[in-house]
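Here come two complexes built around chain A, the first alongside chain B, the second alongside chain C.
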Partner chain A sequence: MVQMNRVQAVKTVLWSILGLTAAVGLTRFIFGLGATTNLSDATPWGLWIGFDVLSGVALAAGGFVITALFYVMRREEFHDFVKPAVLTAFLGYIAVVVGLLFDLGLPWNIWHMIIFWNPHSPLFEVGWCVMLYTTVLLLEFSPVPLEEFSRYAKIRTFLMKFRFPLILLGIMLSTLHQSSLGSLFLIMPFKLHPLWYSNILPVQFFVSAVALGFMMVIFESLVSHWLYIKDSETERIAKLGFIAAWVLFVYFLLRIGDIAFSGELGMIFTGTWEANLFIVEMLISVILPFIIFVVPRLRYNRKLQWVGSIMVVFGMVFNRINVGGLTMIRATGDIYLPSWMEIIVSMGVVSGAVLVFMFAIEKFHIWEERPRHPESNPYAPAAFDRSSGAWLGSPLLAASTRYSLAFVFAFAVGFALIPDNKIHSEGMDDIPVTRARGADTLFVDGNLNNFGVAFDHKKHEELTREGQACATCHHMNIPLDKNSGCWECHKKMFTVTDVFNHDWHASAGGAAIACDECHTPGQQRRAESAKNCEDCHRDLRVENTPIEVKAYLAPSYTDALHDICVACHLKKAVELADKPDLGLCPTCHGGETPENRRELYKYGQAARSLKPVVLPQVKKPE
Partner chain B sequence: MEQLLAFSKGPLFRLTFAVMVLGLARVLILDLLEIFRAYYRAGDKTVPWGQVITRSIEWLVPVRLVFKRRPVYSLFSMLFHVGLLLVPIFLYAHVQLWRDDLGFGIPTLPYAWAYGLTVLTIFAAAALIIGRILNRTSSFLSRKQDYLWPIVLLIPFVTGFVCAHMGVSASAYRFFMLMHVLSAELIFVLIPFTKIAHCVLMPLSQVVANVAWKFPPETDDKVCTTLNKKGAPV
Partner chain C sequence: MSLAILTDVTKCIGCLECVAACKKENNLNMDVPREWQKMDGLSARNWTSVLHKPDNHNIRKQCRHCLEPACASACPVGALHTTPEGAVVYDNSKCLGCRYCMMACPYGIPRYDWDESVPYVRKCILCYDRIKEGKQPACTEACPTQATIFGKREDLIKVAHQRIKENPDLYINKVWGEHEIGGTSVLYISDIDLGFLSYQPELGTKALPRTTAPAMNAVPFAFVGMGAVMYGINWVIKRRMNNGQETGKEGNDGTDE
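Up next, the complex of A and B:
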């Protein structure tokens, strides 16, 4: 192995994260959000919105604040920050769009907002602004790569003519949607905690985005100069930090002032976890960085510049995550923790953006002087593989060998880590059924959610004493049993159970039957070439039962019970003149079930008397 | 053993299979990249494409080229390759696993064919090892991995044969099945990093041979200058 330098080490890590992301991303787009995220109906917006979209847009604010500073306010000393800041913003917005595609349930419908307008929705405005601003950023940035190709010189000069209007358009669009991301949350005053909810949320979002934009430019400059081992611009960073500090101060006044104005200042010190969260957030996102960048002696300290910018970046991301969901926990009662797959995708989107950024820094004229590193150095020694001694090719090829290897192994690991049960489910969890409690009256509540049916076993026994009464419900027995209950075969609430346990029969710890004892030797081993269950178990079927069992796939508990109960009840409702209600749902389902509760809320009081039962749609066995 | 079997059929299979598929794609792409770079650099850009294609086909169907020299060895090599490719891909039990997981499958080999091809592959592999040892030229050229590979490839065939066609007891079945799955997974991981990568690189080998030995335009002068014989004829 050749000696890795800083850039190569970082790139290897980033490619590994991308490999993991590719495996998880594949799962997400094939098996959906349910298989990959911990989102629920109560918490439909998780990490991908809180971090990738809300924070991503805010982190990309550097583009418009630096162009405003340089082109509009004519602060010439910040010239060197402009190209990297515009590039960061452009990549940031691409990352937002990619993150959004992961989070949208039907990502292929993203173009709908272009044609089907809903002008009442803040998201409509955000969507349009992001779309337009990404286009503007592309046009703003494209002169830089076009510089490399002389044949595109005309396009470049044409774009350069429109530079100023484009920059103004960019600032305008940013102002619009940075604030309207805050407007989104104006509709949830009862969901969002009072320390974060405010009538001026849009203004707070905008001002914090400006401060964060400056800090992101500082952070990006520090990181890239560290990576490519260049002297960083301590002086200019201090100046930029000073401006950012005062924007942070305005933001602080807006936050605290708004809370004071609504008379809830005391809430900060109540000691609840939200109050402490607020104090921590304000400390790392505003107060400490403000001190660092206002005091002259601290401002020029390189290490403190690192600390201050990281604090703001993390603090503001923290703020967006708090507003985006964390502080709603008290209202929704739904504790959401992102799954590892959500975290990997968020990291992967950022990694991809960073890799493109590094590629651009190396290939285009973004810095005054292009960075030097072994990959582009023609005099770097050739790389040899230490284990085999094989020539790995030119340094560039050797590097791509390493990155691709990292990608392949990371993908494989990610693919292996994806939980089996998530991708094999039919979109519905297997909920095990427990036996009915009681004796003469049975309380049938398979999934133990306390919404069940009181089944008068004794009464049914007496009413249907003649004929095939018992054998209708008790139509099968498990081996060696005489009177099996429903739950013994119909083992899952909403999904089908395979009653025949092949692995147990073939296992040395189970029945320990050799293959040829069931399957005919010399033939393909499959279900058709095997013995029937009844060839060995002669007591499975109950005599004179009207229920015909064709396959050993038992329908779900709910289906099995409904099929038998409802069929008989409907018949009896016609036969018995004095019992017309027998076929209606409320006859058995007295109370609300979780399934019909949602319907009740939807249709209000009128639906309450109907007590509808909504059955989940499940595949029935053939 | 049950849990080990479940683990090697689940996560371990996905890990190794992904390494194989992506690893092969990786070496193919890297190979193509290097061919393009060599072609871009080369002074003489003529590539005899007709010859490249005919020679590739001649090696792929070695009727003319190889049968001249060692007909028996070539015959066994071809039979070995046929069984090696057909049995694992088109075996009913394997396709059934895909069908359970993905919901669709491909046509499968009849029972008798699978039986026959497996036996044939096992014998062909044994014959190949013996041929390699007995022939002085080839044993001189062979590395350790050339002897090891047929043996490693045989393990899943033998264990699979025991599981599918012999009436062994339940516990023996588990053991052979575990060996079958684990050895196959070892092969998956090794394929992209050893000579078995020829399963995707083979079509490129003739192109590499024709392009990689071309030198950049000014090479002659540079070599002469370095040897202090500037202007000398090459």
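Up next, the complex of A and C:
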């Protein structure tokens, strides 16, 4: 294989994730949120809000804190961080909006916020600010790509004139929506755990976003310099980290002070899982990084810079996820774990942003010294794949081929992985029929349990517009559907009902059965993983009956009647010697004669070894 | 004119006539249990349900139609809104599907069409079309025991207190929804505590929109304030730098190119 360098390897992985995301994304928009996410009525906000939106906005805070530091505070030494930070912020906000489009139930209505106003809603405020700030960021950043095209020089000069007002506006807008994201949760005092709920949530969100903004700039600088093998700016990173550390300290005071003010300090050490979650969150998001960046000896250590910035990034994302739902479990009683498809989409949105970031780094004047283009290394060996003997073309072509392949392959794998039963709601199965067209009577084995039912095909043919409308039952346009099930016409007879009262079984006032008593522990709690009704209700069915009772569905009217009536009829036919016909089907079902049933039986034996219901031999009275 | 429903838990026999009437009135399809539903019987296709509790207690659950609803205050586009009659109704043509209403509701009432590719928020709308015409909601009409009745809110509160007064041994001396989170249009009287209907047993009397109001009112001040502070800092620093330049120190004119 052709040797891949670091950048190419990372890009291949990112393109693969994008391929998976494309497959999942299509599924999400065709089949809805229920088919792709583990969201529920109890947990309507999940990973896509907690990570993509809440954390995404906070992670993109680097743009406004660095511009504030450089343009407003005139800290010259941070010049090199400005362009990458503004770019990261811009891409971050685009990623937030894209992530939001996946999460919104009706994403094509996202523009409604522009015309339908509800100024009481924090979300309305966030929506507007994000729209405006994304525009501001576009204007802030656009001089950089415009630099490449001399014919746009005038536009560039024009934009540069408004740079300071734009920067100022960007900072003002960021202040608003970074804090308003915290205000979103003020309305949930009964759901959010008291260690996270606070009247100053907006202030806490803002201050933590500032700290995270600095750390994100550090993290982004470390990663991109590692990727493109450049010397990182250890000195300046240490300076930036020092500022961030003191912001973290203010944040720590705000968190702890607020908890102390409401007299809940004792709650931190109660050992409940929320309390432990709080301790872990504070350790990785505040305390440890503060130590790393405040002690001079530690903050100049490159490895610790990595550790510290990653801790804050993870810690603050953790905080947003905690506020966004993880600590509401106590109130809602619903444990939500994101599905793999949600995780893939979140990763895909980030991957897309990273790819655009890498593109911009390679194409535009973002660093003082542009990185060598990773795909056109003049010293690279000939792009000739020895294992397959294929000529891959120039290094650039070979690389794009590899990215495309990664995308397409991942796209296909993504589709293959999406479970069928999650997409389609549980409905009736197709019912196979065991004899081809033209037959007078068919043997239909609907339950697939080798107990057949006589189906008068001829009569049905006659009923459907004088035998001309085969498609009434045999509609050929539905894939894999050979014929309509009987129940589609005979709805009343065959529809099963959802009479199983789950709430009553689970509630303390009802059967008071713990979840795990029915559902297999460790598995997702669904009907499929639960016990069958008969496991507890042993007298639900009479013995040796062909009728099945599925997980939560009660037998259909026909099935139930067969079960209840036939069993008794058979019993009585033996008991009451003077009423032998009680046990015979034609007694109730006039059309069926013992003769044609025998015929059917023969056919069934030959074709699929079907077993008609065997009736006891009853002697007719002399 | 604020209209309301009063549900007397002691009178409910759990016959589910209200549930059936609601389904019929609102054209709601058969429900199939799915993994995203809560255990309280409500779903996108069940806007009211009856919870069965020990000793023959049947408690009807439905949207409480708060006087100051958290959901309507949370909705960024005003798709959920209160009507003069007191019903909290939903305009699906405005909705963008953010589900903030579902997060905000202290009773956890709004449900979502999780299995639809064009999903809407679903909840009881107090049969708004019917009450506009002067009729009563389908559920109260269907109730055979008058356990759930419809009327003006003031009248129903009087009725509720009257019943408690007449039978102080039976009822708990509380009308659920009278003052709770600013008052609701669906009231309950009961002989058992109904704290389990909400996320926490005691919700207090403060309406939830008032928790976000201070933050939202501070928005213009934060916006202008941050701008002023930043501009001020810049002005001071610029001045200092210019002074420094005059005395021969190295300065910076603020452009990065």
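Everything that follows uses one rule, which is that the second predicted complex is superposed on the first by the 414 of 622 C-alpha atoms of A that agree within 3 Å, B and C clash if a C-alpha of one lies under 4 Å from a C-alpha of the other, contacts with A are read in each partner's own complex, and residues count from 1 in each chain.
Here is the rule we use: a residue touches a chain if its C-beta (ideal position, glycine included) is under 8 Å from a C-beta of that chain, and two chains touch if they have at least 3 such contacts.
Small disclaimer: the values here were computed from a predicted structure and weren't measured.
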Touch test for A:I343: chain B only (first), chain C only (second), both, or neither? neither
In this superposition, the partner of chain A with more touched residues, chain B or chain C, is C
For A:V250, using the defined touch cut-off, is the partner it touches chain B, chain C, both, or neither? Pick first, second, both or neither. neither
Quick one: classify A:L139 as touching chain B (first), chain C (second), both or neither. neither
Touch check for A:L186: first (chain B), second (chain C), both, or neither? second
Examine A:V97 and indicate which partner it touches, taking first as chain B and second as chain C; both and neither are also allowed. neither
First (chain B), second (chain C), both or neither: which does A:G509 touch? both
With the two complexes superposed on chain A, say which partner A:R525 touches: chain B (first), chain C (second), both, or neither. both
Touching chain B in one complex and chain C in the other: list those residues of chain A. 503, 506-510, 524-526
Residues of chain A that touch chain B when the two form their complex: 23, 393-394, 397, 400-401, 404-405, 407-409, 411-413, 415-418, 420, 424, 503, 506-516, 521-526
What part of chain A is in contact with chain C in the complex they form? 29-35, 38-42, 44-45, 68, 70-74, 76, 79, 82, 103-107, 109-110, 112-113, 116-125, 127, 160, 164, 168-169, 171-173, 175-176, 179-180, 182-184, 186-191, 199, 202, 331-332, 334, 425-426, 497-498, 500, 502-504, 506-510, 524-527, 552
Report the residues of chain C in contact with chain A in the complex, numbered from low to high. 30-43, 49, 51-54, 57, 70, 73-79, 94-100, 102-104, 106, 108, 111-120, 198-200, 203, 208-209, 211-216, 218-219, 222-224, 226-227, 230-231, 233-234, 237-238, 241, 252, 254, 256-257
In the complex formed with chain A, which residues of chain B make contact? 1-2, 10-12, 14-16, 18-19, 22-23, 26, 29-30, 33-34, 37, 92-93, 96, 101, 111, 164, 167-171, 173-174, 192
